[in-house]
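Quick one: this structure, given as structure tokens, is what I'll be asking you about.
So that you can tell them apart, the chains are marked A, B, C and D in the order they are listed, and the count of residues begins at 1 in each.
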Amino acid sequence: MLTPPPWHFSGEVVMVDYRVDPEAARRFLPPGLEPGADPGAAAAVFATWQWCSQDRAELTDPGHCQFGEFLILLSCEFEGRPMARCPYAWVDQAVPMMRGWVQGMPKQLGVVHQSRPVTVGRAGSRLAPGGRFDGALSVRGRRVVEASVTVERSTDRPPALHDVPLAHTLVFPEWTSSGGGPRPRLVASQVSDVEFSRIWTGSADLKIFQDLEEDFGTLAPLEIGEGHVFSYGETLHGGRLLSD
Amino acid sequence: MLTPPPWHFSGEVVMVDYRVDPEAARRFLPPGLEPGADPGAAAAVFATWQWCSQDRAELTDPGHCQFGEFLILLSCEFEGRPMARCPYAWVDQAVPMMRGWVQGMPKQLGVVHQSRPVTVGRAGSRLAPGGRFDGALSVRGRRVVEASVTVERSTDRPPALHDVPLAHTLVFPEWTSSGGGPRPRLVASQVSDVEFSRIWTGSADLKIFQDLEEDFGTLAPLEIGEGHVFSYGETLHGGRLLSD
Amino acid sequence: MLTPPPWHFSGEVVMVDYRVDPEAARRFLPPGLEPGADPGAAAAVFATWQWCSQDRAELTDPGHCQFGEFLILLSCEFEGRPMARCPYAWVDQAVPMMRGWVQGMPKQLGVVHQSRPVTVGRAGSRLAPGGRFDGALSVRGRRVVEASVTVERSTDRPPALHDVPLAHTLVFPEWTSSGGGPRPRLVASQVSDVEFSRIWTGSADLKIFQDLEEDFGTLAPLEIGEGHVFSYGETLHGGRLLSD
Amino acid sequence: MLTPPPWHFSGEVVMVDYRVDPEAARRFLPPGLEPGADPGAAAAVFATWQWCSQDRAELTDPGHCQFGEFLILLSCEFEGRPMARCPYAWVDQAVPMMRGWVQGMPKQLGVVHQSRPVTVGRAGSRLAPGGRFDGALSVRGRRVVEASVTVERSTDRPPALHDVPLAHTLVFPEWTSSGGGPRPRLVASQVSDVEFSRIWTGSADLKIFQDLEEDFGTLAPLEIGEGHVFSYGETLHGGRLLSD
């Protein structure tokens, strides 16, 4: 079902910076990760991706190489180095969901929609001051997240939480009475060829609905920061053990 | 379920010019439409749309304002004026499907996928010479159409079959023994604010699979022409009777 | 896309009797229909269907002949005869949606799920006292209706609102400036070969969520009656004009 | 995302016995499993499931507790004991897909449809001589498997390949340069409370389409045996290591 890495990704991102209760965020950090210099900093990230393996074969089948994603990122540190932790992620295709588990990222299946910037016609916003871009996540027939960004200006500075390594946890499920695989291990994703477009930034709104599950609800926004709309590319090569 | 027109549309199009058996094409033309100067000229059109009503309210709900579409266009004439006839169309959302029937366009529900040009990263083609863009249609779990365009150059000249009015047939289904509505009537879509991006043009491939139904199979390509990739916007206001 | 009637239907039904504000119900009755002897009587009906045309050809393609449905029924009368009016209906397939519009029933597309009685194993309820059966409707990623029935006894008496004719309104959309088809007309569905299984009846619960649209919210339950679980078959032949 | 076992299952099964090239089947058997007494014996199994955890909480959410499945079973032996090997499986929900990987079963995501026996009306077959029941699998918009069973008689004898333990392989993906988990291990599913309904048996048809992937195509039928339609329940507790 899965090809071996490296995997290439090209995506369109709608992202909202926000703040959660630092104590709630801390409960999602495993041993080895610390809240760091900015506890409670978080981001809600919608992305529309294309992906392919090294031989780029998947690109000729557009129903196979595309998927939508929503994830929450929490600011953290490992041995003093800024990183991000992803406590929740949803994608709308099976292959990226399985690939998430392989890399220690707890991806679930959901329905993700996101505005597309337009360049002609009136049915959408242009990437220009005043343009509005929305994202929405539904899980099992219920609305779970809604985000909206109205862009005002463009910069070259990537959003902080989209510009640090992700620290995941490799988990091996226990199935037999003689145990599963080894104990959980912290791992950082190994990424190259990172490429950002101009970053369009402006005001934002974010709703995290409370009826999915109790733990998810603790990550509701205390304060909403700026929103960002941009294109992003990277190549994912594998993982590097942070601790053993 | 449906808002009143006008409806605005902004879309990304992957389109292949091709030729069908002129006699097969003629069988899809109702009384009043003639094969015209170029009998057998046809196009296979994939499009990814955003749409909205006059107040643009739908744009804040990206799962509502987006849909994918595939349609076949056949060259024809009405009283000497070049037009296009759409014998088959599929969309992946209910609202545009119903809206199709209201305007006399026989839209069905299918699964439509189409490559998205990228500007960063390696998972996709840029809109530049050598870029490849694919489309695929599946209906009830079977692959029905595959198209591929490799763009080579850009122009300002819209593809011929995407630049003429569409001639549909308003049909009122018969449900009671006392009959349905009036007899079928030819109608032309009333469109304004047409906007094209640069048109990227190049070589193309097109497969029309034979196992959907016999009539659809008669529209398989005898010859494959150029392919086009472009953005397109329009506003649809209603219909104008061609004959009564 | 549609075969001509007659169409055969075999379904599994989970249904809840309830009461709405009689004034709210009256606003959904067109001229010609009266509230009747029991104003405010309503039902919420989940059904899992198989259907086929006269030659039964669709039955060999299970993805084509199956669909789920949810509808609201309101008690009413036409010239003193008890009937039911359906102000809202959702199905999860395109063919029954279009067929609804042909017969004057305003069907939309939604996601419908409904418990299946089991006869072996522990993952479900048997059709026996204490068995619980649920239904759920989501529309555009939001939960809209939830129903639950716990059956206590079985009878041969069909639920009142499932045993009267449906009065629909044939509507011909206006598309050209010269008007659409004729004015709306009241029509009753012509049904034969009605067959009920034993009716399992018991206590019920029903939630109608308020955030779909204002009009739908006015049909929320003031009082919840009994619930019913049963199998039902019929053949639908066409419509009969109630008024012209 | 996953609750701990035990998990209860209640399902409706449409199954076709058939024979594959014994050499092709052997290529799907890992070290430790032997072709056994009946090399080349295989089965194609469609099932419509409900499932729940020990507290049965999922049953109140019918969109969560239901899924469809298709799998291929190959006859084999472990240390002389008859077992079945599953080289391919597809389900239409994310939770059973992930649960498959946890137990060493390579489940992918597909679209599965299967006839439902009816007890009233004309839109389907009754479980009685002459009744026909179909299954269909599509993967990424392409038809992959079609099966059909026409039942003739009922028995109490379960189909051979549905009445032996399944031997899966626990695999721990390698993600970091320091390796993944331990090497793959053979494991048998631990099942209790197995319950069969009467087994309806008759003639069958089976098509395995060749365009999914080369390896899958090697499991196409050389000979088609009988088909079976029945209900089945079990409780799955975990896995037992066959070898270490």
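The rule is simple: a residue touches a chain if its C-beta (ideal position, glycine included) is under 8 Å from a C-beta of that chain, and two chains touch if they have at least 3 such contacts.
This structure is a prediction, so every number in the text was calculated from the model and none was measured.
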{"item": "Longest centre-to-centre distance from subunit B, chain (CA-based)", "value": "D"}
{"item": "Gap in Å, rounded to a whole number, between the CA centres of subunit D and subunit B", "value": "41"}
{"item": "Whole-Å gap between the CA centroids of subunit A and subunit B", "value": "35"}
{"item": "Contacts with 2+ other chains: residues of subunit C", "value": "61, 63, 111, 113, 136, 138, 141"}
{"item": "Touch-based graph of the chains, sorted into line, ring, star, complete or other", "value": "complete"}
{"item": "Residue ranges of subunit B in contact with subunit A within the complex", "value": "8-11, 48-52, 56, 59-63, 65-66, 111, 113-116, 118-125, 132, 134-136, 138, 148, 193, 195-197, 231-235"}
{"item": "Footprint of subunit C on subunit B - complex, ascending", "value": "1-2, 61, 63-64, 93-94, 97-98, 101-104, 106, 108-109, 140-141, 170, 172-173, 175-178, 180-182, 187, 238-241, 244"}
{"item": "Sites on subunit C touched by subunit A in the complex", "value": "111, 113, 136, 138, 141-143"}
